[in-house]
Structure formats: structure tokens, C-alpha cells
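Each of the next two complexes has chain A plus one more chain, namely chain B in the first and chain C in the second.
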Partner chain A sequence: MLLEVNDVSLSLRRDGKYSKILDHVSFQVNKGETVGIVGESGCGKSMTALSLMRLLPDKAKLEGSVELQGEKITNYSKRKLEKVRGNQMSMIFQNPLTSLNPLQTVGTQIEESLILHTNMSKKERRVRVLKLLNDVGLPRVEELIDEYPHQLSGGMRQRIMIAIAMACEPQLLICDEPTTALDVTVQAQILELMNEIKEQTQMGIIMITHDMGVVAEVCDRVIVMYAGKVVEEAPVVELFQNPKHPYTRGLLNSIPKLGQRKQKLGSIPGTVPVPENMPVGCRFADRCSHVMDICKSTVPQVTEIKENHQTACWLYDEEGGNKDATTGSNQSQTTLHY
Partner chain B sequence: MIRKVTSSPLTMVGLIIVLIILLTAAFAPLIATHDPTEPNILNKLQPPSAEHYFGTDEVGRDIFSRIVHGTRISLRIGLIVVLISFPIGTVLGAIAGYIGGRVDQTIMRITDIFLSFPGIILAMSIAAALGPSIENVVLALAATWWPWYTRIVRSSVLSIKNSEFIEASRALGANPFRILFKEVIPNSIAPATIQASLDLGFVILSAAGLSFIGLGAQPPSPEWGAMLSNSREILRDAWWAATFPGIAILITVLGFNLLGDGLNDVLDPKQR
Partner chain C sequence: MPLLEVTNLKQHFTTKKGFLSEKTIIKAVDGVSISIEEGKTLGIVGESGCGKSSLGRSVLQLVEPTEGSVKFKGEEVIGMNAAQMKELRKEMQIVFQDPYASLNPRNTVRQILEAPLIIHNVGSRAERKEIVESLMDKIGLRKEQLRNYPHEFSGGQRQRIGIARALTLNPKLIIADEPVSALDVSVQSQVLNLMLDLQQEMDLSYMFISHDLSVVQHISDRVAVMYLGKVVEIADVEQLYNHPMHPYTQALLSALPIPDPTKKRDRIILQGDLPSPANPPSGCPFHTRCPIATKECAEIVPNLEEKSTNHLAACIHV
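Our next item is the complex of A and B:
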């Protein structure tokens, strides 16, 4: 087990009040595995990533534990954590156009984490940087090393970001929507590159995205988040073939399919509830087409559908009794349970 | 960028003036026709002529040579004041903006105190308290100048401190100190640099002002402000004694202002 996230909750202070952004998020990442975290905007995907790195605003309250290779990094001091960041655990950000310092050459920026985390000499660092540039598939590295970010295209810059993240050969790579800002052909190249790197290094990757296409392309396992909670977790094929949680189904329905032009594209009505005004029961209840009485009053527990496939929905709760997802609410049985 | 400079005639004028001033200061002993401090009573109050381009003053010193040598003094004062106040102001402003909270409050309230006095009055009182000399003028001006840079740098730090590349740098494991000096300051220093180039002229003007009221350079030093001050009594008989130092100050301040404004246009991406 590479990364173990246990019951992580995060509260941020807004206007003097703490509001809960993440609520008891738990998941694991194994070596050589890509785990996708999907969900709508504002569901807490990025905050989950930032919580792992502890790159949080000053007045954030983080609970629960994060263990990286058995080491509980949630207990680490700031100083000690700086040694972990960029070294054992790296992050790639969404927008390669703004994630690079415009005033430093590409080489200097890749070198940075080598300076921070290794004792390499200047010469060794240059060799390493050249190799990294090569590894991420960039051309004419000898010239590139002295160029500035504005001279490069978006795809090249994202490759640079990957090179920066890979510089110290981290065991875990967190990618926060790494391809959102890129056009589709470049997206495919970047994803392919990440797959290659994963094969070679056997590192774990957390892929945060709202693009189900990206998930299908690179992920081994998927975590679906909604309003700061994990609502479903399954291997990627299982999730696409047999989605359980109504929210997951909604997400999958909203992907356009070829040859179905006349059909209206599925969408999920409503928006993600704001943290200050969370529903008492299931957080998806207001937008769910299968909503039952119990959903509005009690938080559903995580239920095992089959091995490795779990969801937090009353429809599948043993005692909730309603195994048939398509018929929707069965009030007598659910109230019985309640 | 070079094309941008050459395409604006006013910036070019500023650039040429500043270049001439710099060259004059560098080669002052070669350009000057006489010793700037050597009195020659027999030759006093000569009007401008082929021998004395700008005439002579009340003790017969050649005004042209004094102005040429005065360039060195004025430039030195301007540069030293900016070189002291710019880094201090920049670092304080960057710390205030980047760390925020109480640190920000403290630093900014101190700058507010400095900025609540008119700069020249504050400089006058500091110079008067320290005693009249060029060094004290430099100290006094530096003490009144840094808060401007603090303000400018702080505001530009605030606008970039949430940039993704700073977040990315944190994600790499850089400590706050390193981020401040390698990421934050280099990316927020441009507006303050432009201000500094504008300020060179104003600092020279203020230094001349302090010398004029007797708080700065002392005779026989060929400082422009002091020269103006000395020529007050003989203004009626010798117009040249006051006119040429005055023109020297005017041209210098104008040159730096034109150049500073030009740099502002060149470096400001919004006006590109």
C-alpha cells in the first residue's frame, strides 16, 4: 500500500465560520496504480489533493490521517513536510500556462526540486534535467533547457510540468486536471506519456478530473466524489459497466455518445449544495431521481456491492432493503428500516 | 522592446539626456575646463564667454566646470538613495504582502506613519537633526523614500501571490523564504523598478532643495542646489550664476522622468 487516506475531513474558515469542505474521505492508492477522482466542480476533488500535500490556506482545519508508505505524514511538521513535497509526492497543476514561473528558464525550474531535495552537483543536475526533458518526449533538449515558458506551447509546458514533478522520482504523483487546458490531441499524448511513466517507475498516480474520457484512458480504479464525500468507488471497467450510485450514473449519462444525436443529453438537475447549507441526509438527495424518505434524513453508509466496488447509497443498503435501483423509492421498506 | 523605446520620441529624448548626464559624470575631469573649487577673485562674476562658457561665480570659479562636477554629486546622491531605499522597501513590501496578517498590518502602519508627512519636510527634519552634510542628505532622503516602494511592491505581490506557479513551488517543497526571494519578489518588482527610475530625478531635485536651504552639501562643493543658494544674493548682477545650475537640475529631472515614463509604457503589459 502506497497511500492510505483515512477519514480525512477538511474545514475552511469563511466569514469567521468553519464550513466543512471534505467529510470523512477515505481511499487507498497502490504502487503502480492510477486512481481517478471524479466529480463536478466544487465537489472537493482539488481540495482532496491539496489536503494530501497539505497545501491549504492558513485557517484550514484538517482531521483524519494520511499515510504515505506507512509514514503518517499528517503528523509531520511544516519543515518535515517540505522534504516530502516534490520528493516523495509531487503535484501537477491544471493550467500549465500559469504554473510555470515566467521569469525563469525551463532548466532552472526543473532543477529547482533537485536543488531542494538532492545533493547533486551543478553538472549532475544539468545531466539529470536533460534526461528528464528527454523522458517527457521533448525535442532539442539542449536548446530547450535555456528557454523561457512563454516560448513554448501548452502541451510542451505541461510536459515541462511533468518533468518538474518527476525530477526526484516521487512515489506518488497527484495530477489536478492535467489535461483540461490542453486540446484533445495533446491531451491524448500527455495521457499516454503519463501511462508510460507509470509503467516505468511503478509510482502511484492520483488523477483528478471531471472528464470521464480521461478516466477511461488512464485510471485503474475510480473514486466518485460528491459534495465533499466519496459516493462510489470501483475498478474502472466495473464503474463504466455497472455504475451504482445515481450520481455516477448521472455523470456517465452526461457523456455525449455517437449516433444518439436526437436523444437529449443527460444532465443532472440542480447544483452541488454549498458547504454552509448541507442537507442532513444524503447530500445528493435533492437532485436524485430515486430519492426516498430516508435519504433526506439519514446519511447513507458505505455498502459493498461486490469486491472492490462500494457505494454510499440507500438503494443498496442491505437493511434499506431496496435492491432494485430502477424502480426508485419504496417507502414502506425504507421507513421500516428507519 | 527596443523598437518600442525608439518608436516613442519622448522616451528617446529622455534616454539621450540620461546618457549625456551619465557620460558627463563619468568624464567630468576631462570635460571641465577649470578646477571646480579653485577660487579666482580677479575673475569673479564674469558673464558667459569663450573662456568661461557659463561665466564665473562670486569668487571667480568657473560655473561650467562646477556644473559638470556637480553631475557626479547629484547622480551619486540619487543612485545611493534609490539603492538604499529600493531594496529595503521591496523586501518589506514583499514580506507584508506575502505573509499578510499581523506582519502586514505592522509594516503597512509604519509606512503610513512615514507617508503621513510630506516627504521633503520629513527629510528636512532628519537632515537638520543629523547635521548638514551630503551623507546625511542621503540618509534623510532614503528614510523618506522607502515607504513608496513598500506600497507598490506589496500591491503587486498581492496580485500574484495566489498564482499557480507559487502554489507549484510550494508543492515542490520550497520553503517560504525561498519562495519569497525566488518567485514572489522577481515577479512583482517591475512596477517598483519603473518608480525607481522616475524617482532618481525627484531624489536629485529634493537633494538640491535640501542643499539650497543649507542642509546638504556645503561650500565649496559644486552641488547644484548649493550653487543656486549661493547665487541668490548676486542674482541681480549675475543672472548666469543661478540660471545654469537651475537649468542643469531641470534637464536632469526631466530626463529621468521622460525615461521613467517611457519604461513604464514599455514594461506595462496592459499598454502594449
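Our next item is the complex of A and C:
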């Protein structure tokens, strides 16, 4: 096991009060595995990633444990954590323009973590930076190394972000919407590159995305988040073919599929609740077409559907009484709203 | 006769980088010809900066086109006087990408929806009230919500209000510029369903601009693919998605991630990024990234020609 996240909860200060942003988030990532995190905007995907890196806003309260290769990094001091960040674990952010420093050359920015984490000489570092630029498929690397980010296209900047993240050959790479800001043809290049890197290095990848197409193409396992909680987890094929949680089904039913032109799409009425106003029972209850009384009062526990497939929904809970879970396939659950 | 007929439309912008520096001309739209039939949807796809929004804006005369012709119901739109334009605006409306920015935060939904009616002197007070309430019904909101402000609605609801506003004057054509791009899929589908229902009900025509190929496929009857200000391929939607001819369309479609993990397919991975529209390549604009480009492609500007019935492509190799 590469990464083990156990019961991570996060509270942030908003308008002078603490609100719970993440609630007992647990999952694992194995070596050589890509785990997707999906969910609507505001579900806590980025906050989950930032909690792992402990790159959180001031006064954040973080609970639970995160173990990287058996080491409990949640207990680490700031100093000690800095040694992990960028070294064993690195992150690629959504917006490649704002996350690069406009005043430093490409080379300097990639070199930074080599200075921090290795004893390489200046010469060795230059060789390594050139190799990294080559590896991420950038052209004319000898010149590029001395150029500034604003001279480069969005796709090139994202490749540089990947080169920075890969500089110290991390075991875990966290990608927060790495291709959302890019055009599809460039997205295809980047996803291809990431798959190549994964095959060569056997690192674990966390892929945060709202694009179910990207999930289907690059992930081995998927975690579905809703309002700060994990509501379903399954291997990728299982999740697409046999989704259980009504939220997961809703998400999958709402994507337009090639060859189903002008057909009614499923949708999910309402919006993600805000942290200040979380429902007491299941957080999805007020948007759920299968809602039962118990859902409104009591939080559903994680239930095993089969090996590696879990969901937190009363429909599948033995104690939950009403087991109409098996009625209705994925398709028949489509509800139309607007 | 098509409802909208655009011929050889050009929208060039002149920009100056710094004081005293040379002027550059950006050919955002460079000789586009398209048409839209009544009750039908033309999808416009292409990557960022290819000129989709500029095309929509110049069709609506929100910017003055550099050259070309735009005919609405057979009548030339370019050069119309203010009074004629005002009449035209009733029939041609726009829906923008950002539901947050496009609604005035200080007005209630009632004020937002009533404004176009007041500007165009439509109906009595009571009639306007009726129109506005029936619009709310059409977009699936309650009439009590008319007194709410935009910030009190979700993103999808706001976009539905944006659509309702475009519908107030009973238009024939709606130009929708990335109307669902800012929305989560779960909400995007509500807006797409609504647009399809309204089209049926009101016999609307859409020009649906989006960079999302699966959304465009879902809603369109015919699709035009743009690259650096030019239409490189145009065909009926099934034909285009099943038998793309232009190498760019082929690459674009093969790059689209399919939400089905059991389907693995061969990708055409293009080299490099989109060239700058300020400095487009010679000959075929796509030749610098094209996997089948030959020497001639750098020299000959390919015409958009009918390669099979109703299927046009601009490539000398197909």
C-alpha cells in the first residue's frame, strides 16, 4: 500500500466560524494505480488533495491520519513535511499559469526541488532538468530551459508543471484537474504522457476531475465524493457498469453519450449543500429520487456491495429496512428534472 | 430558404501590442459560410481561440463584421439602420456562457425578464406579467421565484433564467455561446433538456457554440468544425461523427475521452499546440499539425468543398 487515508476530516474558518469541509474521508492508493476522485463542484475534491499535502488555508483543523508508505505523515512537523512534499509526493494544480512563477525561468523552477531534496551539483541538475523537459515531450529544450512561462502555450506550461512534479521521482502524484484548462487535442497529449510516466515509474496517481470521460480513460479505481464525504468507491469498470449510489447514477446518467442524440438526459435536481447547512442524515437526501425516512435522520454507513465496491447509502444497508435497492437498473433510475 | 445564411463572413481585429509597435491583424473569422434551417440546430465546435464566439457576435452584429453577408429570412442584416436592428433583435437572441456574469445582480428575475418587453413596448402591464409568468413555467421555475435575485439561484437555474430572457420576445434564432460550459454535468443536462424541449415547442433554431464535442453531438442537427477562423468541415451530425473526413476533425474526435472504460481506441495525437491566429500558417491553416500534410499543403489554401452529399471539407487530400 502506497497511501492510506483514514477518517480525514477538515474544518475551515468561514465568516468567523468553523465549518466542516471534509467528513471522515478514507481511501487508499496502491503502487502503480490511478485513483480518480469525482463529484460536483464544491464537493471537496481539491480540499482532499490539499489535506494530503497539508497545503491548507490558515487556521485549518485537520483530523484523521494519512500514511505514505507506512509513515504517518499527519504527525510530521512542518519542516519534516517539506521534505516529503515535492519529493515523495507532489501535486499538479489546475491552472498552470497561476501556479508557475512568472519571474523565474522554466529551468530555475524545475531545479528548485532538486536543490531542496538532492545533493546534485549544478551541472548534474542541469542535465536532469534537460532530461525532464525531454521526457515530458517539450521541444528545443536547450533554449526552453532559459525561457519564462508567459512565452509558452497552455499545453507547454502544463508539461512544465508535470516536469516540476516529476523532478524527484515521487511515489505519489496528485493531479487536480490537470487538463481542464486545456483544449481536447492538448488534453489527449497530456493524458498520454501521464500514462507513459505511470507505466515507467510505477507511481501512484490521484486524478481529480469532473470529466467522466477522463476517469474512464485513465483511472483504475474511482472515489465518488459528495458534500465532503465519500459516497461510493469501486474499480472503474464496475463503477460505470454497476453504479450503486443514486448520486453516482445521477452523475453517469447526465452525461451526453455519443450515438444518443437528442434523447432526454438524466439530471440531479437541486445543488450541493453548503458546509454551514449540512443535512443531518444522508447529505444527498434532499436531491435523491429514492429518499426514505431514515435518510433524512440518520447518516448511512459504508456498506460493502462486493469486494472492492462500497457505498454509503441506506438502500444497501441491511439495517435500513426497505431494500428496494435491487429494483431498477441504472437506466430506469433516470429522472427528468429541470 | 434557410433562416440564417452567412456567406464569406470575415471578422478581423487590429491590435497593437505596445506604443509605437506594429499593428497585427487577427483574423478571428476568416471567410465563414454557414446556414441554419428553421427549427434546426447548427453546432459550432473547435478549440479555444478558433473564432467561435467572434462568429456568433458578428452574426448578431454585436461587432461589425469586416466583410461578407449575413442574411436573416433572406434579408441582408449587415448595414441595417438602428430601427431595423431593433426589430431584428427580437428575432435573434444570444445566451452567454457565464450565467453569473450575464444577469444584473441588482435586479429581480421579474425585472430581468420584463426588461426586453418594456424596451420593445410589448403588451400592457398585465400582459407582460402573463408573459413573464409563463416563461418561468417554461423553464421549470415557480412564479413566486420571480421576486428573487440572481444570486439566490443555482448555476443551472441562472442559466435557465438567461434562456428565459432570450425567449421573452419570441425569437426565431438563439445563438448560444457555450451555454453549459460553466455547469456541472448534473446541471448541464437540465439546461440541454430544456433547450431541446423549447426547440420543439417554439420551433426555435439554435446556433450552438461549444468546445465540448459530446454536448454538440447531443443537441445538433448539423455541425461545423472551425480551425483558426475557418470552417474546415461541415456535415450532418451523424455523418460528421461517424465519418469525419478532415484530419483535424478526425484528431479532435479521437481525442475526446469516452465515458466508457471498456472502450479503448487508437488516438491520433497531434503534435504541438494551436498556432496563433495573429500569425497563421501559410496554405492550409492545419498543415503544421496535420499527420497527413504534404508539401502542397503549405502552399495551397484548400477550399471548403462538397466531398459527398451535404458533407463539406477543406482538405486537398480527401
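The definition used in the following text is that the second predicted complex is superposed on the first by the 321 of 338 C-alpha atoms of A that agree within 3 Å, B and C clash if a C-alpha of one lies under 4 Å from a C-alpha of the other, contacts with A are read in each partner's own complex, and residues count from 1 in each chain.
Rule of thumb we're sticking to: a contact is a pair of C-beta atoms (placed from the backbone, for glycine too) under 8 Å apart; a residue touches a chain by one contact, two chains touch by 3 or more.
Keep in mind that this is a model prediction, so the values were computed, not measured.
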Which superposed partner A:185 touches (first chain B, second chain C, both, neither): second
Of chain C and chain B, partner touching more chain A residues: C
First (chain B), second (chain C), both or neither touched by A:254: second
Contacts of A:52 with chain B and chain C, given as first, second, both or neither: neither
Partner chain in contact with A:237 - chain B first, chain C second, else both or neither: second
Which superposed partner A:82 touches (first chain B, second chain C, both, neither): first
First, second, both or neither for A:90, with chain B first and chain C second: first
Touching residues on chain A, where the partner in the complex is chain B: 53, 55, 58, 79, 81-87, 90-91, 93-95, 98-104, 112-113, 116-117, 161, 164
Residue numbers on chain C that touch chain A, as the complex places them: 47-48, 139-140, 154-156, 160, 184-194, 196, 211, 213-215, 217-219, 237-238, 241, 251-252, 254-263, 267, 269-270, 272-274
Contact set on chain A toward chain C in their complex: 40-41, 139, 153-156, 183-189, 191-192, 210-217, 219, 236-237, 240-241, 250-258, 260-271, 336-338
For the chain B and chain A complex, residues of the former touching the latter: 101, 163-165, 167-175, 178, 182-183, 186-187
